[in-house]
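In what follows, structures are represented as structure tokens.
Both complexes below contain chain A, partnered by chain B and then by chain C.
And then the complex of A and B:
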């Protein structure tokens, strides 16, 4: 048997990207993996829109050996960093994965990590611009992808956390996310679930679940979600001339040169993380804080049908009071850090819409246009961001390049995620 | 029950008992007009309205609760809350429905996915929680958001709104026995698996919302709303979210009532919500309304060949203003359709004697916001509540939360009573279901020194 691949129209991806997994030696029934939302909304802005929906019951996959990415990192990526106190093991990965998809790790048993970091949606969410948490509580920011988080030295959009082991506690305890009330609450709940009996002890040499082992297990799963060996990697690092198009090559030249993208989205001789792990102000945050809202926004209300929704309606129906977001300033309290956010990696960027820390730009084309205009000038804007004077053709070339950054193991990682049962309440 | 006390009750408070006794011997007819045709019915005056109420953090006990309101005008407690049954947590209380024998009321939580089953027959004055189904998601294979709980013979069919995989809109129908035992899951048709249905237009989104049966045609009809991420999201945030706004249903599905097999997927753009079917045997059609595009939609099989059509037959208000049609109620004689619009807080009556050409004949402001409407069978009493969803209700002073009763004389509505659910520290008033002693061969006992009526067996 083989695994068949269905490529979502939501993304522009090369066929070769998926070929290696399609030809892999798989066993069992045919599996069709879609990269992108199961109910595609591509073309929703026209009356010609046709649904392209997949059955929930078809969301099945195969477990894969994630540890192999530790032994052999994908082309274009450096070795996966491993903390001295938390070397990666298969037992920890499997345990962390089970926790990641367990909806019971929330106040009312409805919310797992994976409800915001949806595997087929780039381990982020395409379906909402900003995250929605327990009881529908409003997040301030877009769910960041967790592809390649192993290499990040600053975590969250505002860079407030430094290790994955520590990071996992924020969403678990955040009132707007999973809303568990205390560390003890989390640990007690896991101890009460029979699916975890002996699991921590097996993974951690006899240690039970505690504040450290829980973080280590979840971090171990996230740490192996690395994705490289993209068409770009095969062209740039493996010298496969035909791995990407001429247009994409021209886009890369702009990326490294005229467009100055690589200043922050760093490319090195032996690997490329496409991030400098630093904090920058592009102007998006400033605009949200200081700019004036439009009187009305044009929104789709059905395929090809739009309505102008008045700002007064949004205010009338929205939460009272402003929900501020000052970025890195909230960590440092330094006015110079207002509206600074971490540079995201661009790997798999074609899969992780919507973009920017608040999801306010829906397409890669929109992102390139934003930077071409020099972002939004303000008092703490990064001096690296300035008008680029790119032509339309050049912007198209940049987008073509960005679309070559999708790793070749994306389908494999999605399939592996699908093979993991979702944790829900079970009554014996 | 204390029979001695009952016997010693003074004559002047026995009057309601005489009425109830007469009711109990009358032939049964249909109750409020949106209920399952398989259901045991109330005749005449209802005694109680059960209001499935959302808890509000910081208000009262903050929990969802079933609120029992005394609505018999001959009662000492007419227009008063006589019992509340808190269920624990905020579950996004939404809709509820009786079993076909009308002994139990099933009420779903769109967020927690719990289904709370209330005993309404032992003492109809106290809807009492007797069972909670809290493994709906795992039992159903991943269905999230139990919405409509609808009576079929010996069964409850439950519509889902979402799923546990991506919290989007793809979902299923789920069937239970009246005793709360899981039977099966019937997924909504999607493009890769139409479940045997015919896709008659451009859409097969797999979304769900409401369900109604039209036994004479052997069909069930389902509508489509949106997934967890949207219905739980702050309404203002969602209306400004260009991705979220694409995640609404645009379909209705025709099902074989007996086999539970999907037969046909119809394009109904703009989130068709409530479904109501005509009552007269010769009127074999149903209505829905679209929340976002503000249309009354007629569903019919005019050629009687099993092929259904969805036809937009009237605007509701000014569609470009997005008045947001929500609950609807069809009159017993298929002459009127009541349509509530959340944004302007109005109820509108449409003359539907020609179902292809509804005409608005009446309009009244109910509050700053309004959602549900429940009608007595004879159409003379219309109850209204206000809450749409916990995070969709208006904020500040516009956040009315009440139940109101109006009398309708065919030309004008007159308010009878109103209960402010915020002042009473109850929460957000959502769906209403009617209760009556006469259903169970019981009579009311009224005692001035008690908060509630006590039922007694005849």
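And then the complex of A and C:
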């Protein structure tokens, strides 16, 4: 059955990006995919704000063949790397996806992976600066996107993990995330759920769920969430002159030249990951550690109503672990690595606000401004970060370019995610 | 003398030798020096040193190589000079005027030389090298002049300092060599300075121009003939007595100097005694620590030696009193896995900062737990909420940790490895990558796991295999009860066992079966200990033993600052079921005499106290209106007499396995994985 996919334009910035999807085929049932939060909150700061929140029943989608991205990687991306021990199969992808959306994988059956890595919000979370886990426990960092994680050789903002397979245990067991109390606790729970009966054995050649197969299943789903063939790719790699605007082309010139973005957000002859898989200190972490905090923060508490909240009160909320953040230093214990974080890919960056490891910059314009002023100088800051002297027009061009990096399968992946039942204690 | 630097060097030298003749004299000629606190190196040492040979100096890294100039202006390499010799390496500049900087180094070197010359092995094998970090001024010519001055000054000193010695014999002997080195340029100096962590900065004059003086933090290296760094002396510890003691200790370990007779005797007893020679318990028993007359009975590290045991044999035949050791189908125990797991268990590099192994909380000679603290302390002194549980007989547990949250030994290991307050590795991948990167693990996993390398599965399987064979039975009780040896336990202990299964009803949870006894039910119960911690009012002050016989009362508010403040709800934390609040796993009672302190939080120091808590019926309420509603109905007042309580304790002391010394000795035979390897 062909699906008509309508796009609701939750982001002003993404308007032009998704217009093309609105003209999709016209047969069959309507599936309306909104890219962005359930409530766009546009105009929330005014008293006459009206919610545009949609009914949960509208959150329906259609399963897609994710394995096709393994066979034919999208334009602009290299083949998906597969570990020798864990070749990608459709069974593993489907099993991993089921786990990804299963709230029962958390201590109190409320929290799935997908609740921080929200498919319609760029597999990250627009509405919180830093991740919030079970029982409202605050994490220290922004949820990173899952798009194109297959290509990362360092995982997490601080690069502490090296494979997707092992990475899954961190959020499952972290007290501030899904809060399961042990590896055995997770395995025992999955074993007790009848929807998983025989599933691991089927996907793993007779092997049950264990410390290895659980990671392999979840990794397999995440690994195929690749997203390329963006307007930029069609222009740069497929030579479609009209795929992006003149302004975006000018932005790309700056990206490669005057602004030096490509030094870390790497673009190659035949593909572009827009990351160097390395760790750098831009100054954001330094500022957070050493800079002066504002005494109070102005917060919207209802449409059009703001309150000044003391920083000391905010600090008390939901924190259950160390609050300081020293980045890669925490992994290496080398003072030279203080405040270094992994270069994120810029693919789909228009969909992954807010930005930086701590989600402290809300818009791409803000990010470009930050780099234009040379970040926050400090002793371990990357020498690559320095004042760029970009004019405001040049900064706009850069943002226009960044907005051309959204992949063509975003809606397809969201629809596929919606087609997956959410594992819940009420599911029969 | 045309080089200005030489004059400074000579002044410095004269100053040093003046000092070396009169130990406590403050140099009157150096007015500004008088207000400065002199480093201990200038005077007599104000604390007693441990006996040479009674301690060890583990290597903490390789001495870096460098290409430098000697006083003859020839290029030489550090490694060529260091190889085969014991070396003290100091970084100096000849114009230095900081009394606690280069002059201190110079003085100490002179004293080490004169003391060292008295001991033939040291005279033959020790060299004292001063490396200049001021190549622009300290040219080979200056160094040459300096070493000549040095030589004549030293001769004079030696003559006057050793009256009564047989001078002809002295003359025949070799001397501790003094050597001066410099770099050929600042550019080539910098990597050397970096390699040896020398913090050196040009001082700035008040007018903003660069001064001739350097700010420099003294760090003197002791390097062995294999080019390993064995000690680094800061200003506070740069003292000739310490250095000579350390050099002697290193040479004793190599047999170049004889061990003192008492230490040699101890080592010999150890070697002869083999497995039976290990001390069970903390290295210092601290008996009588509460009195002022206390004397330590701490033993030399050198006594901590052992022989490898055949641990795996318990799999074929379990010790008397224990059932067959359960082994998971996908992880059969092999000797390779046990050995590999043991190596990992004792490896400090498995922690974030290379300091903390599994064995540092699960201390082999302390019942694979830790007697000296109630609750475990991990890397950087981070406090945990609970007492370290013993590993003896953990093979039989179907729930692990005090709160029973884990079900297999294989998966359990990741909890400690990545627990922030334990070994603090930041991710599973970091552990795997670290092990894969360590040279002495090359090929070991592949050998033990049929070609498979270290990964999330095999690391757990190796560590589990070692822990699984730490089985301990055939206790006095077992020989009496299962082996029918009438005389194996005392009558008092036998009476205690009657109480155990009868009036005191301990057996309801600490199970004893027909043919074996695990002394636990693998279940979780609330005894009241956790409830009491949560609800009882803590005393306003806590009495603390801060030195033998010395106590202070510390305010609660101060004590609490050092304690982990997060509450502990036991099994509830796993199930989220309020009925499970303060429930903890029943521990086995085997080897219970070796695993003090007791209970999940280590709050009860002796078995007598444990029996008293059960005798009172746990903590059914907080003394007020708050009831401990989830306390096990099995815990109720027992009405034991004092005699009966003592009988129970006597019984508990018969549960110590017969292979304890063997297992400890096996543990001692395992090298401790450290950054030196």
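Please note the rule applied: the second predicted complex is superposed on the first by the 368 of 428 C-alpha atoms of A that agree within 3 Å, B and C clash if a C-alpha of one lies under 4 Å from a C-alpha of the other, contacts with A are read in each partner's own complex, and residues count from 1 in each chain.
In this text, a contact is a pair of C-beta atoms (placed from the backbone, for glycine too) under 8 Å apart; a residue touches a chain by one contact, two chains touch by 3 or more.
Computed from a predicted model, the values in this text were never measured in an experiment.
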Tell me the contact category for A:174 with respect to chain B and chain C: first, second, both or neither.
neither
By the touch definition at the top of the document, which applies to A:160: first (chain B), second (chain C), both, or neither?
second
Taking the superposition on A as described, I'd like to know which of chain B and chain C A:56 touches: first, second, both or neither.
first
Applying the touch criterion given at the start, work out whether A:108 contacts chain B, chain C, both or neither, answering first, second, both or neither.
both
Examine A:130 and indicate which partner it touches, taking first as chain B and second as chain C; both and neither are also allowed.
first
With the two complexes superposed on chain A, say which partner A:313 touches: chain B (first), chain C (second), both, or neither.
first
Tell me which of chain B and chain C touches more residues of chain A.
B
Following superposition on chain A, which residues of chain A contact chain B and also contact chain C?
108
Of all residues in chain A, which touch chain B in the complex?
32, 37-39, 41, 44, 48-59, 103, 108-110, 115, 118, 120-121, 125-130, 132, 135-136, 138, 297, 299-303, 305, 307-309, 313-320, 354, 359, 362, 422, 424-427
Quick one: which bits of chain B touch chain A in the complex? Just the residue numbers, please.
89-92, 111-113, 134-135, 137-138, 141-142, 144, 163-172, 187, 190-193, 202-206, 227, 229-237, 239-248, 250, 269-271, 290, 292-293, 320, 322, 343, 390-392, 394-396, 398
Residues of chain A touching chain C in the complex
85, 107-108, 155-156, 158, 160-163, 165-167, 169-170, 181-185, 187-188, 210-212, 215, 321-322, 330-331, 333
Complex contact set, residues of chain C against chain A:
352-353, 400-401, 403, 405-408, 410-412, 414-415, 420, 426-430, 432-433, 455-457, 460, 573-574, 576
